[in-house]
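Per-chain residue numbering starts at 1, and chain names A, B, C and D are given in the order in which the chains are listed.
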Amino acid sequence: MTAHQLKSEIVRKEQLAKDIIRLTLAAPEIAVRAIPGQFMMLKATDKMEPLLRRPFSIHQATSNGLVQILFKVVGAGSKFLADREQGDILDIVGPLGHGFDLPDDPSANLCLVGGGMGCAPLYFLTKRLLTNRLEGSLQLYLGATTAKELAVVKEDFENLGVKVFAATDDGSLGYHGFVTDLVAESLDKELRWQFYSCGPHPMMNKVARFCAAEKWPCQVSLETMMACGISACLGCTVRSSPAKLISSNKQFLHVCKDGPVFDSGDVAWTTAER
Amino acid sequence: MTAHQLKSEIVRKEQLAKDIIRLTLAAPEIAVRAIPGQFMMLKATDKMEPLLRRPFSIHQATSNGLVQILFKVVGAGSKFLADREQGDILDIVGPLGHGFDLPDDPSANLCLVGGGMGCAPLYFLTKRLLTNRLEGSLQLYLGATTAKELAVVKEDFENLGVKVFAATDDGSLGYHGFVTDLVAESLDKELRWQFYSCGPHPMMNKVARFCAAEKWPCQVSLETMMACGISACLGCTVRSSPAKLISSNKQFLHVCKDGPVFDSGDVAWTTAER
Amino acid sequence: MDHGREINLTTHIGGGLILRNPVMTASGTFGYGREFSDFVNLHHLGAVVVKGISLLPRSGNPPPRIVETTGGMLNAIGLENVGVEAFLRDKLPYLREIGTPVVVNILGDSLDDYAELAEILNDIDGISAIEVNISCPNVKQGGVAFGTDPGMVRAVTRAVKAKTSRPVIIKLSPNVTDITVTARAAEEGGADAVSLINTLIGMAIDHRTRTPRLANVIGGLSGPAIKPVALRMVWQTARAVKIPVIGIGGIMNAEDALEFLVAGAAAVQIGTANFVNPDTTERVVDGITRYLQESGCQALQEIIGTLRLC
Amino acid sequence: MDHGREINLTTHIGGGLILRNPVMTASGTFGYGREFSDFVNLHHLGAVVVKGISLLPRSGNPPPRIVETTGGMLNAIGLENVGVEAFLRDKLPYLREIGTPVVVNILGDSLDDYAELAEILNDIDGISAIEVNISCPNVKQGGVAFGTDPGMVRAVTRAVKAKTSRPVIIKLSPNVTDITVTARAAEEGGADAVSLINTLIGMAIDHRTRTPRLANVIGGLSGPAIKPVALRMVWQTARAVKIPVIGIGGIMNAEDALEFLVAGAAAVQIGTANFVNPDTTERVVDGITRYLQESGCQALQEIIGTLRLC
């Protein structure tokens, strides 16, 4: 795996909602290698504060050398990035980490579940899945707190020709409630599904439990604090599941290297440590 | 003396030269009290770096509640300020310090010598001197490295009806050489002069020596590192001259409180400590 | 949430001294109080700790005395101060009038200096407590800082306690292997409280001129850069001694102050932040109050030392 | 100025070991070298110091393990590492191929651990020096860190020296009252060099949940926030010992590195900066070279320890 550190120009900036931004970056070396589920580490200041880079999933990588990130402003680092303008240069490192494993079987039934900014890598994944000429069904669920956060990306997915099952906490768009409940209520349980999920930890936890009960394979994209993103600091650990501990003899997994995408059965879904 | 901490709007931003900026700030409480030679402490970040405020002389204070600063970009703090735009809000503290003492005698002959950004407080001083209906002569000398740094402010002074004797290090405007040499060569030594000077330390040192030799009174505006600007940290010391040490029993003076304007005879002109 | 609700912010900082709220100023960063009267309502503070006072006036170190570092600053003021006589004559009356508790920070070159200062201050009205800066060199014993040797800490504490009936706060140096050892030494010596941390010793160099950036070569590091170290030491100390602990170091806002309170500090002192925002102290009082209201607390005491280890 | 001019950047770091330039990586921040091969030409570095190795693999502390602070970060990795066997089998061959000097950082719970590691490594080709991390608790002696007690420092140094013919660098802990005491203890024990500083112990709290931000509660503070403390300790140590001193702590760029060299460091190690900019080490080499060219120096040695005190 080869990663690159680049000075990358912002070729487009889109304000999708009040605090949600999409940046399109010129990064040919990264775009050509990127796999859905991989991420990049962006320098989020020109000073020493915040000191560390910030990880963002690759939202899209195009054949003409562009990559996108889709992110929410939650603190100083994302604020800095949101304040950049078209033409500004960002220092980025990527592509990093272990992405989603695509199905070998073209007739697999795929179910994608995204919550909040978890939709970011799922867009790249959906595009890639669609190019692999799919025979099975592809079902996409997206959850958000409110319509405003969901509307724009929903449209983007629909433009790919995918039907979006939407859920919002406030009921302002689609199902009123958790996206996981919508999945449980509406998915055809007669079929065998391969799950792909990215979103808040509790949401993925529910998805993972649901899949475990149905014995469906499930890949989840996890987040942790990261200092380096390149498996040097060993800071980005999550606990292995008991099964994984036995099979690998590893008590911890590293999100930036073993992940961010894991088989949901490999990680311990303790919430205490988050 | 009353100082104020204000959220002050930038009502105008002028880029006078490549790295020289003038900001006009709405700060009625400061404008009404300001005395030429006083300064303000500006918060030069919205984060923790640079941590400390930065001191800037009051370049002008108007009766309609505006103050100006004129500054050069030399590091992170001044860069931050230079990147602000009209309509942005700055956190400022002022007016601070002991300014220039205006002449009691309306017929005094006044000589102002500014070097580099030292012209900033001299503009405010000149305006104030002119309003005090002057009988004696007012001679103004300004030095800079090159014409571009001098041109704009020179014009401003000329618009007040004052003739500017200009000197540039590269000879691109006015006298080719140090402004202090121009003073020595052109000033009428038959008269008794009251000097006011602000600029680089070595320049003021020369002015001070020149005045001492002629036994002319001379006020200088000094710069030091400052943490607080309000005489709390005791960090902004300069050494007293031997004479001052004897008269006051103080080994050190504090620039933010005893100054920034001092009688040139009160301070020790050691350059080693700077 | 009833935002108008009155919160009991009072806190005991030892020797019977109760502050109306836990926000104090840190010595050397708030002058003698008056310097901040344009920016802060001094009545709203828990206590004002004044610049360190010695028996005789001191003129301090030559310049440069301060330099900025990443997230912090180094100072080598050299304990410049007006001396105890001028302090009592020129500075204290103003503070006495304000009525906010005044803590006098003292420093000396020898045990006798500290004892004499304590004795002088004991007779004076309007002094609520004495804070002893032990990060000074013991001139009589080879110049090692009092604060780095438990035996000397005990001795200084005893010497001061013997001469005063006021609460005595020992201000600990962080430049030690184990702060709980010096904290316990202070406690054994009879201290009513400990405050920590004083500055970490640091240095900066101008690589072009190859000279130190401070005339004194080394100086004290303060500001947000040191907050993690300060918080760790406060937490360790609060578990090691029974007397109140006052937390200091890099507190810039109410959130930072709350971290120290949760770690076990009975009160906090705010230093470098006063330079950055002269109204910090008052803002921290407001911020703590708001936080307590929002979390449904009735009193500050409900959060002190409540760190949960899982 | 002739910018193409060759500058002699070599430097001695003790025990006869000469590096082609003074820029090393700091243990635990550069993996086992390979992790940075996409970003840095490893041939251009003075030496690679690998992640601390113990006799047996360690899985380290539970998450969260890192938290950012102002100008720095806290880590409580818990010395996770693959163990010496896997290191020699899976990691060393790659580095050996590169040819850049490899310094193996070792850690243990007891004197015996250190001695055994030194013995194992002594027989191995492609190891240029051993760096001993003594900021670990001595499990057999109540868990006090080896690095805080001069007697233990001397003992560890002797134990390691007795088992290896390689240069031994003792990596000092900054969490001590007087770093020159532990530095001299290492020198007395036979150390070929000392490196400093390791991280300062710190802590961070989430005031809302009232829980520590690190599962381990306390962690090591690194990054630019600690640079002033590191620089001061390096300066003090360089004056106190005769063996080479390697400077570490908050070095982000060539200017920072030059400050340490001027203070007396024979070489520097770069830690946290590798996370911020993975190409930092190479950039620092370039920056030092450029500075020496611009100041008309022929060799690095012309600036080491040249701090002028006025």
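Simple rule for what comes next: a residue touches a chain if its C-beta (ideal position, glycine included) is under 8 Å from a C-beta of that chain, and two chains touch if they have at least 3 such contacts.
Please read these numbers as outputs of a predicted model, since none were measured by experiment.
Asker: Going by the touch criterion stated earlier, list every chain that contacts subunit B and also contacts subunit D.
Answerer: A, C
Asker: Is the C-beta contact count larger for A-C or for A-D?
Answerer: Result of the comparison of A-C and A-D: A-D.
Asker: Please work out the Cα centroid separation of subunit A and subunit B, and write it as a whole number of Å.
Answerer: Once rounded, the distance between the two centres reads 55 Å.
Asker: Centroid of subunit A to centroid of subunit C, CA atoms only: how many Å?
Answerer: A distance of 47 Å separates the two centres.
Asker: Roughly how far is subunit A from subunit D, going centre to centre by Cα mean, in whole Å?
Answerer: From the centre of subunit A to the centre of subunit D is 36 Å.
Asker: Would you pick out the residues of subunit A that each touch at least 2 other chains?
Answerer: Residues 48-49.
Asker: By the touch rule stated above, which residues of subunit C touch at least two different other chains?
Answerer: If we look for residues of subunit C contacting two or more partner chains, we find 70-72, 215, 223-224, 310.
Asker: Does the chain-touch network form a line, ring, star, complete graph or other?
Answerer: complete
Asker: Can you check the complex and tell me which residues of subunit A touch subunit C?
Answerer: Residues of subunit A touching subunit C: 48-49, 272.
Asker: If we count contacts the way the header does, which residues on subunit C are in touch with subunit D in the complex?
Answerer: Spelled out, the residues of subunit C in touch with subunit D are 69-72, 74, 148, 175-178, 200-205, 207, 209-212, 215, 217-218, 221, 223-229, 231-232, 235, 250, 255, 258-259, 262-263, 291, 303, 306-310.
Asker: Could you list, by residue number, the parts of subunit C that touch subunit B in their complex?
Answerer: Those residues of subunit C that touch subunit B are 28-31, 35-36, 38-39, 51, 59-60, 62-68, 70-73, 75, 77, 80, 215, 223-224, 252, 272, 274-279.
Asker: List the residues on subunit A that touch subunit B in their complex, please.
Answerer: 47-49, 76
Asker: Using the touch rule from the top, collect the residues of subunit B that touch subunit C in their complex.
Answerer: Interface residues on the subunit B side: 2-5, 43, 48-53, 91, 93, 224-228, 230-239, 250-252, 273-274.
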